Every structure is written in structure tokens, then in C-alpha cells.
Amino acid sequence: MSVTLSIIYLIATVTFVFGLKRLGHPDTAKSGNLIAAAGMGIAIIGTIFIHDLEVPTIIYVLIGIAILVGTIIGWLIAIKVEMTKMPELVSLFNGFGGASAALIGIVEFGNADISATSASVVATILAAIIIGAITFSGSLMAFGKLNGSVKSVIKIPQYNIVNNLFIVGVVVLAVYMVAGGIDSSLLLYALLAGGLVYGILFVMPIGGADMPVVISLLNSLTGIAAAITGVLYDNMVMLVGGILVGSAGIILTVAMCVAMNRTLASVIFGSFTATAGPEGVNKTMGSIKSTTASDTAIMMNYATNVIIVPGYGLAVAQAQHVIHELEELLTKKGVNVKYAIHPVAGRMPGHMNVLLAESNVEYDMLVEMEDINPQFNNTDVVLVVGANDVVNPAAHNDPSSPIYGMPILDVENSKHIVVNKRSMNVGYAGIDNELFYNAKTAMLFGDAKKVLTDLVSELKNM
Amino acid sequence: MENLIEFISSNLQIVYIIILATFVGVELIKSIPAVLHTPLMSGANALSGVVIVGAILVMLHSDPTDYLALSLGFVAVVLGILNVVGGFAVTNRMLEMFKKKK
Amino acid sequence: MKIGVLKESQNGEKRVALSPFITKKLVEKGFEIFVEKSAGENSLYRDSDYKEAGASLSTKEDVFKSAQVLIKINPFDDEDLKLVQSHHILMSQLYHKSNPELIKAISEKGATAFSLDAMPRISRAQDMDVLSSQNNLAGYKAVILGAYEMTKIFPLMMTAAGTITPSRVLIYGVGVAGLQAIATAKRLGAVVEATDIRSETKEQAESLGAKFISVDNTGEASEGGYAKEASEDYQKRQKEAVNESLFKADLVITTANVPGRKAPVLITEEQVKQMKNGAVIIDLAAAQGGNCEVSKLNEKVIVSGVKVIGTSVAPESVSTNASELYAKNIYNFIVHLTENLKFKWDLEEEITNETLIVQDGVQRKK
Amino acid sequence: MKIGVLKESQNGEKRVALSPFITKKLVEKGFEIFVEKSAGENSLYRDSDYKEAGASLSTKEDVFKSAQVLIKINPFDDEDLKLVQSHHILMSQLYHKSNPELIKAISEKGATAFSLDAMPRISRAQDMDVLSSQNNLAGYKAVILGAYEMTKIFPLMMTAAGTITPSRVLIYGVGVAGLQAIATAKRLGAVVEATDIRSETKEQAESLGAKFISVDNTGEASEGGYAKEASEDYQKRQKEAVNESLFKADLVITTANVPGRKAPVLITEEQVKQMKNGAVIIDLAAAQGGNCEVSKLNEKVIVSGVKVIGTSVAPESVSTNASELYAKNIYNFIVHLTENLKFKWDLEEEITNETLIVQDGVQRKK
Amino acid sequence: MSVTLSIIYLIATVTFVFGLKRLGHPDTAKSGNLIAAAGMGIAIIGTIFIHDLEVPTIIYVLIGIAILVGTIIGWLIAIKVEMTKMPELVSLFNGFGGASAALIGIVEFGNADISATSASVVATILAAIIIGAITFSGSLMAFGKLNGSVKSVIKIPQYNIVNNLFIVGVVVLAVYMVAGGIDSSLLLYALLAGGLVYGILFVMPIGGADMPVVISLLNSLTGIAAAITGVLYDNMVMLVGGILVGSAGIILTVAMCVAMNRTLASVIFGSFTATAGPEGVNKTMGSIKSTTASDTAIMMNYATNVIIVPGYGLAVAQAQHVIHELEELLTKKGVNVKYAIHPVAGRMPGHMNVLLAESNVEYDMLVEMEDINPQFNNTDVVLVVGANDVVNPAAHNDPSSPIYGMPILDVENSKHIVVNKRSMNVGYAGIDNELFYNAKTAMLFGDAKKVLTDLVSELKNM
Amino acid sequence: MENLIEFISSNLQIVYIIILATFVGVELIKSIPAVLHTPLMSGANALSGVVIVGAILVMLHSDPTDYLALSLGFVAVVLGILNVVGGFAVTNRMLEMFKKKK
């Protein structure tokens, strides 16, 4: 390989590392993405133009067309699709990558004289095909599920066993081919089909909420497929890039499971036991969305206006000092923070005042209900801490509710609502709260003191 | 097992590279905020499109008359570049929310 | 609609039912307001303030003549009753359960009367709830009064001249007044303990930094957020649980009430005698008979070195705030009852139904 | 050594110079203690407590007869002076600069006298510094008194019946009393502002949560931690800077003193008239002439709706703590002055030198 | 190379990575060290025994003796030396490593037929010699300086220029030898001597306080020398291990500079300007030691008894809420925490009580002076926050001091003292405080609120 | 420069290994508490003793009659092992303070 190309690949590899590194922090993520993209760009261009092969023009033209077509389509899809459809898009693209790897494998299998080729090369080719196929069909399946076009969830009890037997079969076949140096396109297509089927079988039983984890896992697999192809061509940028994606992807997958309070095993194999959905979800009101301290922290960090709604739970948790710390921290970061004080928040008149005065919150940060209600429109994030009845829209909407007619804080008008409480339990009035099921609301479960402390640490690390 | 050992001894440096790259990947991603999980997944996905390099190589090496290889290669390049371009573009859009204020 | 504001006549009372600020708001809504001269004096409102707000000032007699609705804080007295006529609508705290004569007198006049203390404790009535608004201030002032009467200070202080140990404050009854008393005493640095028959108050007391003394309350139940009368057995258990704290306390504030009944006796004379020399008891339930056996309303009794102060007048002593809040309650109440400056008389509606004691001479509630 | 404790005779005074606890400590060290009967009564110490601590109780005459050292809080009065003999050593706050007659009388008796208020403000004298220990309590009690007298509450409260704005408290003089007043008012939830002629007090006031009103004090200087008398120019600048806050204040506490001089007048009658109706001024410097022009010692004067209370007796009202601390100061002082139960008479030593006003009839300090 | 040995090296390399990783956290550091040591052990044993050379027994014997001798000496030195001498020991050992690399280079230079060997191999050999020599002499110099045996500090103004010219000369000579394929032992020894001299020249002007930074830098160099030798032998464990040490060492060096509030450049080149020593050091009282929040946090984390001494500065910083958070956190970690309240701490009687009550510190955590003074003996860490006069031993020792005779908190009796204040400024009494110069005391400079907040975050991350 | 390029192209995998190992080293050490600086330095120092492997190789490859090489190799082994053993032992001692309580 030419030295120039080697150096280009080296540089591309380094951009991948830096890109990934920068993607890990909100402030640098954008530039990280661009750096990696640039590296990818030079790697592609270098590959096309720097070599000492005699390549007929037609091939260049074909490559050019392929790249042009792919670029345009990819670009259009990416910029047109709604934000909420992003995860399925990622899945789709990932499937394409897998397919590409599988196709390469197939071509190379055709090109090679299998019986004469070293076992390790054959193994590499077959691995690329199987893994590529799995990621392709698996990703498409995930895409379909997220998309809503695939709905079926298989409910055979011994499903996992069947599933695992199947993939073992595929691997055995591959080993057989490698060991025997068998050059049979029939078997090859059997392998390919096996990979494709397994991808579907693998993803099928997993619930929709777990899809992101699965996509991440499949993504990691695509990385491995790319790395294997890299070994095939002794191509370092593919090898290292693929491994980076593979290892980072696995770690990311685990992190996503942790963030969802699940284990990877329970996502993949527990698909049957965990169909009930998170506890405390009210059937008639729909489902709740829960969030984490780090997500909330980032949301607040990048917000312009934040309103904190304290309630009785703040007093129970004795979290007044921490909330003041949070407010100070946000203010220092240039966020406008205010407290919305509902007249009957807490359990005695002025409860919130006493509480917040104790932690020396400035009096002019506390805003009365009538004054703050018009401001919610203009608010990026409302953080409700241990309040419930005072933000319950039933007071407006439900004449049969015991709190009907009570004025409430109109937090629903703001862009995002984060509600911290320990559970889905009711407040003083003993009634459910529709707000928690609002599409804009994310629940941040936990004792207020603990949760706020976490928020503060997360914010400090930004 | 034997094969593995053979592979290791004949590709020792590759093995080191794989191990070290794995460490790098793990260390880089070890502790990132949950809100970045999706963009990061998306970015990593774009990177996995590096397989396009292989697809291009397939085409470059193809005999212009080997239509099967050529067309498979063509499809592979299209899919690969879709993965790359779409992946980076989507990631970029996702990251819009982290625009610096002030 | 014409609203008349009477000057409070009860001894020591300093509040007034309507503040100039609220007067102005009512006038803006189209109400006509007549204020008895110097009604706001003790709450620091000058007659001129009312005039500026758009009210007319006159004598009591003229107020009764001009206005249809008459508002007050304390129950109407004999002098008022003389002036009441059948078209009058009276609004004040009537305490109708313990004041049957008054209710009878009003009925006989053929008049109509709302009692604000009968306000139901439901969420949407919270802004008309005078008991809450006034008890809240009472809780604060009880602590100030206690701190004023004591020969010790509240906070812990480690000084060059030695360490002053913090005062120990014990609160009976963790309702509105009790909670505010806890908060105020805690702020001043005292060690605060509290007890109540309703077990849900434990968390509430703790949320304000008090230690809660739990008394096993099996067999007792509360009704709609209020306490029921306690059984004898409970009283015994309570004494056992609380005595240790009581005998160490420097200040005791009692706020326990059972709506519509005599206040429970929680501290007997015998217990008082075992208390610390120099301790102070503020009995906020004195008007309802007192939580302390020896307390007398509006008196300071000293029993073996313990000052026992029976009072219910604490809100009067913060008359400015108390009047503001009462006025806001009245405002919300009137706005609730009327439409286009006329009463709706929606008797199906809970708030109207509960507070309307006498209608055109007919007594509705006992 | 025999020490006699006299009952305070000054009107309203409730303290006593020695507590039973300290009595016991002195007795354990070998001192003999004679206590005038019922001396501790108003501080909640019973005669029996002293007896248990090892003291002998007797009449004033007997105390003078038995004891060599006589201790008190307030200056010795005429009745005391009659009983003083030349071998007596008197200890109390003598305020010798403003009490030349008293000093003369003592000198004429040929007796010896230590004045505790003359204690130098040096680090190692802090535990004998009665001004600090008593002013500290005065600062606390002044706020309690103010809160008691006001018709408003201190804290901000957003309630269903409307919002109560926090009271505004203004403190003049950020010495020991002023700082404690700031701390106490702040704790109760008031908005606190403070001013002082010494600019180093800004940080101190702020460290307790008060806003400091800075007055340009070029040309003024302090001596050994005390303020000097302010120039007229400064007084003018001060009024300009503080007036805005003064006219908005609900409670004003003045503590400004210049040692050995009449207290500076900081609030004129004219200013009082511009203050809020219902505001309260507590003038803790009243005994030194007062910081407010209209204040009178131990009286409540009302000037155009503003209550002006001149008092210096605040520590008496927390007599238990005040007596404890005073006793501890006296204890430390006696321990400092003696060795093996005998006075050291080390006149080179600063504390002895500064506090010993009259020695064997010779006046040492003016 | 035999496969077994390759795998052993691979394992050793992995242990190095894990070892380094675990060394980065106090809880795992010990095991990390042991893991790395184990890896090193198998690499050494593997090297000796797994090969297909015909090695005469005498050489095994010699190797055995060398290893035995080195092990015994190294072990004895390591366990005998006082804790305070550790840094110089590290320097010494590091020098040995460098020397070893240089010796290898010399032998290989002798073995090789230079004119026939590829330039890159010759370059590698020479690089090993030069770098090895520099680290050897530099480390010995650093050892001597820390040791006190070398005291001279050169004060020639243009020193840096001379110094840099010298090393450039050495490098030029080496390049000349590589390019020309010159096989001259004379030049070789010149190179060696050049490296040795430069090591001395390099370290000589640097002040004693900066020695740890220099040692870390030299250590990093040794790593690079090892890596170069690895390239020479195509030995992966040396290569990767050396690079790991090299890169980790550089980062560590920079981190150490940051922790000392200096730049690497100022340490190396600024040696002449910064001879005055840190500001605010009192001539008669000696020198102060400053520390960081992370160090203090670790110390407290592993302590059994901690006493907090609050003073006026705590009130000025309004850090009462944070200190309570710190205390709660420590308590949760099983540390016994108490506050020592001096009767005149602050500026009014009871100042600390008011302050700490505001943040709801339990009253029984506050201990009076007389009661706490006997407990300092038994205390691992005293954290003095914004206090000064109340912990000034002059009150005991110096009859001329204005605070002589005032009782103070006897913090000196505890094992470690950490003092937080913003500067070396005096307190109320206006006098210097000997405590700050005590050998047991470390100053933690900064506003109390900021510093305590940092402490809390550090502790949370443990 | 040319030499460098030549080296890169002929030792491509080594270059990758070096770069990746550098990343690993950097990422591992990036943010460690200051109190661990000294132990970490000491631990890294012990690791740099890996040069002993080279010293052993020198001896293994030496001709038993090449006294110069042998004795230089001997010294190199002694110094190297000193670095290793002393380094780990000292590090271990430094880390004594982080013993877990309870």
C-alpha cells in the first residue's frame, strides 16, 4: 500500500478516536462528529484515488455514481426526517452498513480460491458475511418495530433456546466450511440466510422500549464486521475503526441498560418476563416517561429559563439546601432561575417560604403563582420537586375532582417538565395527576435530596 | 483453539492493535451522560460505515466484466455511503440541541 | 351591592375585617363599601386610607342603614344586633355551634348570616379559610410571646462566658397553628418537639425540623382532616409518652382543638407542677376551654414557677397582617358567592351550603 | 477568701451576679460564698439552690459583715455604700466615667473597687468581658421585643390568603448587640439592613446575612476596636445614606455607643416622623442618652404612629442566661486576680490595671 | 518467537494496562500495582526460559545471580527507607532503568555491523543510548538534590540556551552516525557522555520543590527508552509497556504541574525566575505546604475521626450549607465527624452556632472547646475552615503575642491538619500563625465555599 | 523526514500500536486525584523497568566469552531488576495509606 494512503488512514484512525472522545461531552460532541466525518471523508477519497491498480474508468464512474446516489439519499433522509424518528433512522443506516459488509464478504468468497486460501482468511470472510447479515436483518427488524410496521411479538416460552440453537447451527456450519475449505455457494447462501433469519429472530421478541439498546448492540456488531473486513484487506483504518466502534458500542449498550435500570441479559433474554411495562403506570392515563439526573442536568444546562416548583416533598426530603445550590449553580451558568411558589404548597401557609429562607434563597427569586403563571410559556424547563396537587391539571379540567376550582401552577405551558418524586404515589388530595403522563413530562424518581444532589454533581461536571 | 493460537502468532501485531483499540474504545465511552447515549450511538454507527472502504476496494479490484461482483460492490458502496453520510448527518442534527448559548 | 365594615368591639381586638387594599379591589369590581369610622385604626389603617380606596366612612348606625351586607371578624354583639334588620346579610365568624343564642337572635330578626369559621376544608375553599389564615399567624405570635416571656434565650450559644443550652419547646397539636409554631421556634434555634393525635402529622412536623413524639393512636380516627375527640385511654398513653419532654421543656405551646367541641385537656395541674421552674405555657386553645387545666383566657397564671398564659388573641397582636389576610379571605368569599354584584344563592354548592347558617330568619345549621 | 453576693436593687433588674452553678465551682476552689437572701429569685435560682451549692444565705447587712469581696451587677447604691468599709473589695459594673460621685464615695470609704465594664478588649480578657456577654443577650432580646410589639410578622409568607411581605429591620451599630440582633432578625425571616461607623463591620454584618449600608467614613477612625465620636459631617452623610431604609423599616434597633461618652443621636425626631406608621424603634442605647432623639429610658413613646422604646434592660429579661454568663465572667475574673485564694495585686498586668478603679481609697482611673 | 512467549507477553501487556488503570483510583491502586507486578514477573520468567536459543548454563547462572542480587537489594532498599524518602528512591530506581536501557544499546551497538545495518535500527540503538543516559544521570541528579547531597543551583542567565545547544549537538552527532553508518566506539562514547552530561545539565537548575515533576518526566523518558529497545528486539511487551509508561508519564507530569499551579515550561525553563519560592512564606517560620481538594478528600475518606474547626471565614464565605453537606457525606462513609466550636470563633458570641444551626447541623455534633481538646490526639484529620486566631499556638507559646493566654483549640495534637483560607493573611488579632508552618499542616487555599464544594464533589466520586 | 516515512510504511502496525498505546496511556491517567500522583509515578516507574526484558535478551544472546557484553548485560539486568522490584515494592508501601477500613 502506498505510504501516502497509509498515512491518510493513520490520520483517519486518529480522527475516529478524537471524534469518539469528543462525542462523549455535550460541549464538544458536535465538533467530534465533524472531525470523525472529515476523517472518514479523507479515508474514502484516499481509498478511491491512491493505489497502483489499473482501474478502468467505468469503475470509477460506477463508484462515483454509487457514492453520489448514496450521499444524496442519505443526506436527504437524514435532514428530512422528524426528530422523533431519529432512532429508527440510525437503525436503518446501521443495517445498511451491515449489508455492505455482508456483500463484501460474498464477493470475496467468490473471488477467493477457498480450498487454497488459509483457514483464517476463509473464517474472516464467513464471519463478515454472517455478522453483516445479522446486523442487516436485525436492524431492519428494529427499524420496523420502532416504525410501528412490525408489531408481532412472539410468545413461545422456549423461544430463547430455539433461538440460541439456531445461531449455534449457523456457526457450526461456518466452522465446517472453514475447516473443510469448502467452496460451495449453496452453503454460502445457507449461511447468509441463516444470518438474516437469526437477525430477525434475535430482535423479534424484544420490546419496543428496549430497541435503542438493541440498536446499539447491532451497531457494535457492524463495527466488528467492519473490523473483520479490515483484517481481510489488511486495512488498518477499517480494522481500528471497526474495533473502536465495536468496543465503544458494547460499553454504550451496557451504559444504556444501566441508565434504564436493566441488565443487558434482561433486555435480550428477559423479553418474555418483562412485558408488563414499568409499574405504577395508570391504564387510562397512558404511560409515563422516566429520565435521569444527567439528562435533566444537560437539559437545564442548555436552557435559558428554568422554573423550580417546590412542594411538600422538598420539605420531607429536607432538600432545601441542595435546591439552593442547584439554583446558584444554574444562575452562575447563565440560566435564569426562579421558584414558583404556590400558595398552598406544603402543609402550612408559607411552608415553602420558611423552607427556602432557611437555605438563604433570595426573596426575590420566589415568585407568586399569579405572577409566574404567564411566564411558563417562555420557560424551557420546569423542575417540579416533591409537588403534586399544586400542579395537577385536574383542578382546571375535571369538575369531579376534589381539587377542582383550586388555582394551580400552569407548568404544562413550558417546553419541558421534569417531575421529581419518589414514586407514582398521590399527594395530599389523594388523586392521580395527569401531568405525569403528559408527553412533555419526564419523571425523575427518587428522594428529592438524593436526586438534587445528583443533579448538582452532573451540572458541575459540565 | 489451535487456529486461534496460530492466528495470534502469525498476526501478533494485529492482536495488539485489536486489544489496544478495544481499550481505547472502552476508556473513551466509559462514563458519558445518558443524554448523549443516542447521539453517540448514532456517531458510532456512522463510523461503522468505514466498511465502505472495503466496498470501494471490492469495486476497484473487480474485473469490469464481472457483473455480479461489480453490482454487489456497487450496492455495497451505496449502502456503505448511506450509512456514513446518513449517520453523520443524523448525528449532527441530534447534536443541534447542544448549541452554546450566549 | 353595598357592603358595610364594622369596627371590632371585642376587648383587645385590633383587627378589622377589610383592609384599604381589598376595599379598593372591591370598589373596582363595583361594590359600594361603607366603613365605620376608625375601624382600621389598630391595624394601622387610617380612615383616610379607606377614603382613598373609595369607601364612605360613617358611624355604625349609618353603616347599618346604608349597607346590606355587614362584615366583621368577631361574632356580632348585642349593640350590633339592635341595628340588624331582616334585609341584612351578616358575615363573620359566628362559632354557631357554641353560640346558639346569637344564632337565635339573628334568626329572630329575620336576617341572613354566613359564618366564616364554618368554611369546609376543601381545596378550593382554602383561600377563604379564615381559620387557617388566622391560626397561622397565631402560631407565629405564640412563639414570639413565649420568647418574650421567658428568662432564657432560644438558641444554643457557645461563648467565652460559657455555653447557653438551647431552649426546649414542646408543641401540642400539629395543625395550622402548631406547624407555624414549630417553624418559628425552630428558626430561632430551639430544640422543638411536637405531638398530635393524627399520625399523618409526624411527617409534617419532621419536615419542619421538629422531633415528633408518637403516641400509639390505635382506636382514634380523624375525620376529613380534623381530629376526633380522644379516648381516655389515648390521653393516658399521651401523657406517658410526652411527660419526659414536658418536664424538660422551657416553652410549651398548645394548639389542640376538636372542631365543634371543647378543647381536650392535655396538661393537668399535676403535670404543670412537675415542670421546670420558669417554664412558660402558651395555651392557644384557651378560648375553647384550654388544653392546660390551669389556663385562664387572657390571663397569666403562675403555678409553682410555671407561667401559664391563656390566649386566643395572638392574631390581633399582628393585626396588620391578620387584617390583610382576613380581608383577602372575605374578598374571595364574596367573589365566590356573587355574580354581577348579586348573590347567587347556590345552595347546592358546598361552600355556600356549609357557611350559610341562617337564611331569612331560618336557621339552616346547628 | 470570702465573697458576698448582693441582690440587685435597681428597678426591673432580674439578674444576679452569681449563679448556683458558679457558686459551687468557687466553693470547690476553696472560696467562701455568702449570698443575700432571695438574690437569685428573679433568675429562677432558689435560695435552696445556693445552699446546695455550698453558700451561706443571710441578710444584706450580714453579707457585708461576713464577706471581704462584694459582687454585684449594677453599681453599688446608697444603701450598699452605707455598709461599705475600708477592707471591702467591691466588684460590679461601676461605669466610673459617668459616675464620678459613686467613685468618690467609694474612695472616701477607703475601700477598693474593680469595675467590670472597664475590662480591656483584649483576647485573653474575652471570658471576663461582661459587656460582651450581656450585650449579646440584649441584641437577641431586642429583636424578640420588637417582634412582640409589632403588628406585623417577620417572614415572607405566600399563602392562600395572599402574600405577607417580610418585615424590614434596620440595625444601627454593628457591635456585639447589633450583630446578635442581625442574626436573630435574619433567622426569623426579616430583611435586615445594618450600618456602622466602623467599616470593618461591613463584612461582619454580611457574614450574618444582613445588607450593609455603607457610609463614607473617611475622616473617622476607630480606637482599639471601639468607635470614636462621629463628626457632624459623618452624621449628615449617614442620614442621607440610611434614610431610605429607615423610612421603609418596620423595626429599627439602635445599639450605637462610643465608650465613655454619651451615645450619638442617629435618628432625629424629624426622621421619626417620616417613618412608616406602626414602625417600632428599640433604642438599646437609651441608658447612654439614646440613639434616637425622642427615646426615653424604660418608656414607650409614640411619635406619629411610631413606637419608640428606650431600654437597656433587655438582658434582665433573659435573666437566667444573663446571670449565668455574668457569673462565669466574674468567676474567670476572680480566678484571674487570685492565686491560692489571695489577690495577686499584679498592677503591671493589663486586666488588673484597667479594672482596678479605686485601691484602698485611692482613685486610680478617671 | 514462540507462541507461548507471545501470549505471555500479551497477557503481561494487558496486566500493565489494567494495573495503570487501577492505580488511578485509591480503592484499587494497591491491587493495580500487584497486578502489574505479576505481569512483569511472568514476562521476565518467560523471557528467560522460553526461547529456542542454545544458552550455556553459565549464562543462566549469571542471569540468576543478577536477578537475585537486584531483587534483594531493591527489596531491602524499598522496605527500609523512610516514607519521606520515597520520592528520591523512585528517582534512583528510575535512573537504574535508564542505565539498563543505555547498556543494552551499547551492547547492541557492539554486536551490530553498523554499516550493514538499516538506518532505522542504528537510530533505534543510538536513541536508546542517549535517552537511557539522560534519564540515568538526570535521575541521579534529582536523587542527589532531594537527598540534599547536591545543592548547587547554577545561576548563569543564558543557561537555557547553552543547555539546548548542547542537546542539539548530541542529536546532530547521532544523526551523523546514523546517516553515515559510522561504526566508531569513540563517537559512541561521546554520545553516551553527551547524554549523561545533558541529564545533569537539565536537572541542575530546577528547584527542589519541582523535583517530583522532573522525576515524572524522566520516568516518562525511561518508558520511551524501553519502548525503543522494544522496537529493536521487535518485543511487544517492551514496546507497549514502554509507550504506556511514556504517555501516562507525560500526562502525569502535566497533571502534577497543574496541581502545583505551574506550567511544565515554567518548571523546566523558568528555573531562574521562580527561585523566590511561593509568596507569603514567612522567613522565620519556615515554609508552608499546600494541598488540593482531592488530596484532602482522600485523606478524610480514609480517616476514622475527623474534626472540623469552623471560624469567621466560614461565615464570610457563607459556606455553612456546604460544610454540613460535607459532614453528612463523611458520616455516611463511616467517618466520625465533629465540629469543634471555639467560644470566640467568628465575630459575635455564638456566631458559629447561629451559622451552623442555619444549615441544620445537629446540636450534638457541636463540641465545646474544653470537651474537644482532649480528643484531638485521637483525630486523623482536622479541617480548619476560615479559622485563624482560635487555632494559633502563639496563645500558648508566645507571651508577647496579643492573644497570649487565650485558650485555643489544640489542633496540633491531631495526625493531619488541613487549613482552608484564601491566603496567608492574618485574622482578627492581626498576627501570624505558626500552625500553618507546622510539618503536619497542609494549606488548602481558596474561598471556603468553593473549596468545600470541591471537597464534596471529590468525596462523592470515591 | 524520509526516514520517518520509510519507517512508518515499513512498520505500519507498530505505528498503530504506538499511537493506540499512547491513547490508552493518556486516557487511563487523564483525571486522577493529586494524592495518587506520587504512587502512580512510582508505579509507572516500576513498569518502565520492563527494559529488563531487553537486558535479559542481551545476556541470552551473548557469547559466553564476550566478557564485555556479558558484564554490561549483567549490570543491565541488575539495574533493571532493581528498577522493577524496588519500584513495585516502594509503590506498594506508598499505597499502604489506602487500606480500607471497616
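In this document, chain identifiers A, B, C, D, E and F correspond to the written order of the chains, with residue numbering beginning at 1 in each.
Everything that follows uses one rule, which is that a residue touches a chain if its C-beta (ideal position, glycine included) is under 8 Å from a C-beta of that chain, and two chains touch if they have at least 3 such contacts.
From a predicted model like this one, the values you see are computed outputs, not experimental measurements.
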* From subunit C, count the fewest steps through touching chains until subunit F is reached. => 2
* Structure fact -> Co-neighbours of subunit B and subunit D resolve to A, E
* Structure fact -> Farthest chain from subunit D by C-alpha centroid distance is chain B
* Structure fact -> Note: subunit C sits from subunit B at a C-alpha centroid distance in Å of 74
* Structure fact -> Rounded to the nearest Å, the gap separating the Cα centres of subunit E and subunit F is 18
* Asked: Between subunit C and subunit D, what's the gap in Å when you average each chain's C-alpha atoms?
  -> 38
* Euclidean distance of C-alpha centroids - subunit A vs subunit D, Å -> 68
* Asked: Listing for subunit A: what residues touch at least two other chains?
  -> 17, 236, 240, 318, 343-344, 349-350, 354, 358, 360
* **Shared-contact residues (touching 2 or more other chains) in subunit B** => 6, 13-14, 16-17, 20-21, 23-24, 28
* Sequence positions of subunit D contacting 2 or more other chains -> 126-127, 132-133, 136, 155, 157, 159-161, 164, 187, 189, 209
* Chain-to-chain touches, reported pairwise for every pair that qualifies -> A-B, A-C, A-D, A-E, A-F, B-E, B-F, C-D, C-E, D-E, E-F
* **In the complex, subunit E residues that touch subunit B** => 3, 6-7, 10, 13-14, 17, 236, 240
* Asked: Any idea which subunit F residues touch subunit B in the complex?
  -> 13-14, 16-17, 20-21, 23-24, 27-28
* Which residues of subunit A touch subunit D in the complex? -> 341-344, 349-350, 352-354, 357, 360, 363, 366, 368-369
* **Complex interface listing, subunit E residues touching subunit A** => 318, 321-322, 324-325, 358-360, 453, 457, 460
* To do: Please name which positions on subunit F make contact with subunit A in the complex.
  => 5-6, 8-9, 12-13, 15-16, 19-20, 23
